[in-house]
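One structure is given below, encoded as structure tokens.
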Amino acid sequence: MPFVTVKLLEGRTEEQKRALVEKVTAAVSETANAPKENIFVMIEEMPKNHLAVGGVLKSDQ
Amino acid sequence: MPFVTVKLLEGRTEEQKRALVEKVTAAVSETANAPKENIFVMIEEMPKNHLAVGGVLKSDQ
Amino acid sequence: MPFVTVKLLEGRTEEQKRALVEKVTAAVSETANAPKENIFVMIEEMPKNHLAVGGVLKSDQ
Amino acid sequence: MPFVTVKLLEGRTEEQKRALVEKVTAAVSETANAPKENIFVMIEEMPKNHLAVGGVLKSDQ
Amino acid sequence: MPFVTVKLLEGRTEEQKRALVEKVTAAVSETANAPKENIFVMIEEMPKNHLAVGGVLKSDQ
Amino acid sequence: MPFVTVKLLEGRTEEQKRALVEKVTAAVSETANAPKENIFVMIEEMPKNHLAVGGVLKSDQ
């Protein structure tokens, strides 16, 4: 019963999100030996002013 | 000092959220033996195109 | 399809954990109008030297 | 490669967020002995009706 | 700069974990259009007495 | 009422953890304008075989 969370910067299209959850689910199913219907994937989008690397917001880089 | 996070699909009313945090807090307080004022509950809502089961977004099911 | 995470200091008994997940699930089911079999509860225990309040570890208080 | 998440009530200005990630990154770098460029800070804002203390939503207090 | 967390029941082998992070990284890179070196995958294992479905711990099912 | 989570590779000493939560709390208090006693910091340690960068576990790099 794997639970997967993918946090990434906002801006992906619906088509990209659709492909993302499909491919990630397949990858987890295959390698962790779990049936696909038991795998949950959650997408969390971050705005650029809510992620910092090296102490600097992405919106300032 | 329990911290509770409830992730669920968006669409609940204010009245439902109010009842949710009240009842969940009572349940944790009673079973984990913690005073209510030390219990924090956070609600996180997911849009239907950000949760997938079996590799398919909820917005596509 | 609510996902609930309960983070708390380690030290609860199996009986307390069993009651915790049962009561929390009932509380979410009743208030968020979700069938119990769709509700997932995860417990995460913290050692006392991994939680700080006011800048001081619980193990130092 | 520390990953820091700061969850707080919404309402901080851009200037506050900018200072927050800068100072938190410096604090982690200095104490955990990690180079700043390897430190990631994520801000997550909560609306007042999504955080409860003692079973009562912040929007009701 | 996607951050992926995979929570699953404990018990996978090192070989399974190695394959899991490799395949998940490839899936995210391909679909979210992110270079592999910017993708972080974290595994979090849960003991069976820390996950409940339908109000019942996995260790009791 | 900020909640801060710091995920990092295991291996820091108690003294480093003590300094980490003290300095991070001060940084958040100063920049987010929150009293120290309302700030919670949680440390989460990852073993090297549970974090991957670029698809490769830290334990394999």
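Here are a few things to note about the model shown:
Lettered A, B, C, D, E and F in written order, each chain numbered from 1.
Criterion: a residue touches a chain if its C-beta (ideal position, glycine included) is under 8 Å from a C-beta of that chain, and two chains touch if they have at least 3 such contacts.
Predicted model, so just to flag it, every value in this text is computed and none were measured.
Any chain that touches subunit A and also touches subunit D is listed here: B, E. If you match contact pairs by residue number, over half of those in C-E turn up again in just one of A-D, B-F or B-C, and that pair is A-D. More inter-chain C-beta contacts link the pair E-F than the other of B-F and E-F.
Subunit B and subunit D have CA centres that are 20 Å apart.
Centre-to-centre separation of subunit A and subunit C, using mean CA positions: 24 Å.
Centre-to-centre spacing of subunit D and subunit F amounts to 12 Å, using the average Cα coordinate of each chain. Within subunit E, contacts with two or more other chains are made by residues 1, 3, 7, 26, 40, 42, 51, 53. Looking at the complex, you find that subunit D touches subunit A at residues 14, 17-18, 21-22, 25-26, 36-37, 39-45. If you check the complex, the residues on subunit B that touch subunit F are 1, 3, 40, 42. Within the complex, the subunit B residues that touch subunit C are 1-9, 12, 16, 19-20, 23-24, 26-28, 30-34, 51, 53, 58.
Interface residues of subunit F, counted against subunit E in their complex, comprise 7, 46, 49-57, 60.
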